[in-house]
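Both complexes below contain subunit A, partnered by subunit B and then by subunit C.
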Partner chain A sequence: MSSGFLKRLGALVVQVLVVWGIATYFKQSLPAYPIGILTVFCINAILALSWNLVAGFTGQFSMGHAGFMAIGAYTSALLMMKAGWPFLPSLIAGGTLSGFAGFLIGFPSLRLVGDYLSVVTLGFQYIITAILNNTVKLTGGGLGLAGVPFKSTLPVTAVILVITMWLITNLVHSKHGRSFVSVKEDEIAARSVGIDTTTYKIMAFVISSFFAGIGGALIGHYMMYLHPDIFNYQKTVEVISMVILGGIGSLTGSIAGAFGITLLPEVFRNLATLFGSWGLAAAGAFVKKGWTVFYAIMFLLIMLTRPQGLIGRKELTWESIGKIRLFKKLQKKEV
Partner chain B sequence: MSFFNVENLTIKFGGLTAVDRVNLHVDEGEIVGLIGPNGAGKTTVFNLITGVYMPDTGSITFKGTNLVNMKPNQIAERGIVRTFQNIRLFKGLTVYDNIRTAGHLRIPYSFVHSLLHTGLYERREKECRENADKLLGMVGLLDRKDEISASLPYGMQRRVEIARALALKPSLLLLDEPAAGMNPQECVELIDFIRKVKNEFSTTILIIEHHMDVIMNICERMYVLNFGKLLTEGTPSEIQNDPKVIEAYLGEEQEDVED
Partner chain C sequence: MGEFLQQLWNGLSIGSVYALVAVGYTLVFGVLKFINFAHGSILTLGAYIALLIALQKVVPFQVAMGLSMVLSGFFSMLTEQQVYKKLRVKNAPRLNMLITSIGISLLVENAIVVYFSADYHIYPRIMSGVPIQLGEVLIPPVDILLVVGAIILMLALWFFVNRTLTGLSIKAVSMDRDASSLMGINVNRAISVTFFLAGVMAATAGLLIGMKFSVNPALGGLFGLKSFSAAVLGGIGSIQGAYVGGYLIGLLETFGAGYISSNFKDAIAFILLVLVLLFKPSGIFGKGTKEKV
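== the complex of A and B ==
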């Protein structure tokens, strides 16, 4: 045991305790609506981090992330409901089974050079939906699965986000993380320096699937209801858009992107009600119906002006925030 | 048991026999040259040795084991490391990270240590950083280590690539035209540099090069390839005076004129 390791572990424990404390305080003092948004944000951030690990670091694109989320969600929910397991083991089992599915999908498709993963994962997601729809006895099929225990409170999801971020950040800053990046940079060069690129691609994909499973399980334990259509292609795209918004390859970017994408529909929803209450019914209806158009325009603008995402590949640190011009001006005034 | 041995190596691309029944060997501690006109098949020989291509026939043995059918990363692991004619750096990474990424093989620690950043992780990473610093000091790029590798001038990128190969502590180093694009002064520096590498890392070197002054200067022995076939083998002075070699190169120059 080195003191450095204990220090880092201690720092994590402190972070977890602080976040737990703040989240518990919020939960008790804020109305249900913002707490709900914050909870969904935490889950979305876990999902974005998980997708980013594969796309941002190894350069492989999973188009079936919702499939892994579904496996995690149904596994965890059913273990609690039908087998009477406690929450934490069910959650971890959901992630593990999803990771195992990631291995089964990744092993054949990542050995090939080229973008096979996108195609295979896309197919995989539809297969999962079909399986869920056809196992009515177990999963409720198209009728949905009601009565999933509510476990995704704000403190729980926030703490899981902190731990996920810690683990993935550690991983990225290690020989394994650098090997992931070498695959994205130049696979031939990576192999020439002894990096077993296939193994690293599979490894990243399995870890990503694990966290997708965890995120999916948390969705179930938040909504208290599951349906195959929750985990459709759109859900995958939503997660991808978070990563692209924040910057592919940036972990803090994924969290910022998840925040943006979680908040945006709520902003438009409120704007619509606001316009309505001002008697501008037409404007309200326009915003209500047309916000997806704004959404699309926003993404077009980002792709055109900042294809690397808002943050790019860099990481947001307190230092870099301090460097933003606005804050510099403020600091100068203080002096 | 010889150090490195290639026997009867052949590969066809469609109708073209790019490498045709080539035999060559390298003894431990040698610097051996591989020359020949454009398109002679030199780079293809490197691609075969490093497992990028699979030979149609022939064997490649290194310290007694057959390398045919091994993956490129397994061959690198065994100590044969190359540079590329067109330079293949991890372009988006800093010079420092290029070197560190390559050093992984020689600083083992498992996934769990990466995930938890344990004490072992810390020690191994420190080793890795020190090793990278040492290598960058040797190639004279320590002051540029935090720059993105693609932003460096060409000559420096070459040196980064060689340092990256050295991070694996190779026992056989394959250099594919390291002097390409260098001026005479840089060529002289390169000669010294390659000698230094050989002495400090006690590695054996097989080098492809078009700059005759470079190759004649550092090689003890060399092979000449033409149209995929081995034309001849010998010491620099033997090669320089071999009429077959002169003809092969003259033929090429005439073709170039026609181009």
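== the complex of A and C ==
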């Protein structure tokens, strides 16, 4: 083990402790509503990071993320409920099974060139929905699975987000990470310099599916209820829109995008209440009902005017924040 | 034997719907080389525009359906001219077009949910529901309209593409966009016409589904995806391939559901899609493409 690795491991431990401390403090001092939003944000950020790994870094457009989330969610929930496993092993088992499913679906389809992967993975999601709907004895089928133990508290999800971020950041900055990017930039050129592109695509896909499974499991342990329709096409699009908002290929962008998309329905909900309190009941009802249309329009406008997302492929670091003009002026004044 | 014939008829009638949608994927893939994820939502849009017009109670339902076909065609064309074209002239990566088409499908479906709600909606009945008995086979009258109407439309499209100048320009653009532009073909016009035709076909499929079953805002997702599988099975880019693929998927699905298990009916098309992509990605009628550096 190199000293660089130990240094990074140390940084992880410090980050985990700090985030755990802050999250525990928030959990005790804040009301339930913001805690709920923050928890959902952490889960969404894990999902956005996992999709970004496969789409932003390897350029493989997976549309079956909800299917992997469903596998993780049901595995973890059922292991806890029916087999009596503790939380952490169930969570990891959910992620692992989801990663294995990623291997099964990725092995044949990642050899394909072009956009076919997105269709195959979308089909995979429909197959998972069909399986869940038809295994009534085990999963409750269309009736849903109630009574999933509540485990996704704010400190738990926040710490898992920090660990996910650390693992994925280290991965994309490693030799493997550069191979991922080479697949995205020019697959033929990458192959011609001896990079086994199929292996790297499968590797990225499996890791991405693993984290999607973890994220899905956390959703189940947060909502305490599972239904096959929770993990539908719309859910995948939601995750995709987080990454697009932040910028494809930017990890901190994914987190920012997850924050934006998590806040969006809350902003509209509060706006509706605000309009209502001004006596504009019709406008309030319009905003409350029609916000999904604004959301879709926003999605389209980003693609048309700023397809690289808000941050682009850059990363938000303390240095880059310091470079923003406003902060520069503040620093000069201090001097 | 009776059951076999019944399944055969059922497979043909649902296969007609898949063929109508599949040809739209194939046409658009031909000219722009990308999978139009918004194509399935045009199907939903067509089904709901007819319902919207019918609810005004000004014109009979038959007229509403005709209007819906034309309006959906124009909407499809509008998405191309206002959205995809802007990305095309900027030379944006194909991935961006794919994501944008997801955005359009999101817009259409969310707008329908907001206006109508996410429930199932039933069409006003315009034909008798009493099935016609032909030997041992029971045929609902709507099925006859479905199969005959779809076949007429498919033949019309085939004729248009192969025998008219505009149709031939679509063919030329799908072979080589730059070369056809040098030959004086109005590429933008050909692409717009392609989207219009694809939109009309998809909307017709949506209307036929509405008459046979019921409609809901998520209709386009599953039907679109199965039809895409049909287009790939037949060989994407080939019109007769889309027709054959559509009927094949319809038949395999009905026979699979009838003789194996109806629980996994929806999975059959995708399993087939994966198998085709693995063993013969160019499909039945498609030409293999060479990878150039």
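The criterion applied here is as follows: the second predicted complex is superposed on the first by the 329 of 335 C-alpha atoms of A that agree within 3 Å, B and C clash if a C-alpha of one lies under 4 Å from a C-alpha of the other, contacts with A are read in each partner's own complex, and residues count from 1 in each chain.
Here is the rule we go by: a contact is a pair of C-beta atoms (placed from the backbone, for glycine too) under 8 Å apart; a residue touches a chain by one contact, two chains touch by 3 or more.
Owing to the predicted nature of the structure, the values given are computational and were not obtained by experimental measurement.
By the touch criterion stated above, A:G21 is placed in contact with neither subunit B nor subunit C. When the shared chain is aligned, subunit B comes close enough to touch A:S174, but subunit C does not.
Of the two partner chains placed around the shared chain by superposition, neither subunit B nor subunit C is touched by A:P34.
Residue contacts after overlaying the shared chain place A:G4 against subunit B, while subunit C stays out of touching range.
Contact with neither subunit B nor subunit C is seen for A:G147 once the two complexes are overlaid on the shared chain. When the shared chain is aligned, no partner comes close enough to touch A:P265: not subunit B, not subunit C. By the touch criterion stated above, A:I188 is placed in contact with subunit B and with subunit C alike. Of the two partner chains, neither subunit B nor subunit C is touched by A:P86. 188, 192 are the residues of subunit A that lie in the contact sets of both subunit B and subunit C, per the superposition on chain A. Listed in rising order, the residues of subunit B touching subunit A in the complex are 50, 52, 71-73, 76-77, 81-82, 84, 88-93, 97, 100-102, 104-105, 107, 109, 111, 113-119, 121-125, 128, 164-165, 167-168. By the touch criterion stated above, subunit A contacts subunit B in their complex at residues 1-2, 4-5, 8-9, 167, 170-171, 173-179, 181-182, 185-186, 188-197, 203, 313.
Chain contact summary for the complex, subunit A toward subunit C: residues 59, 61, 108-109, 112-113, 115-116, 118-120, 122-124, 126-127, 130-131, 134, 188, 192, 232-234, 237, 240, 244, 289-290, 292-293, 295-297, 299-300, 303-304, 307.
The residues of subunit C lying in touch with subunit A in their complex are 34-35, 83, 86-87, 92, 94-96, 98-100, 102-104, 106-107, 110-111, 113-114, 218, 221-222, 225, 228-229, 232, 263-264, 266-267, 269-271, 273-274, 277-278, 281, 291, 293.
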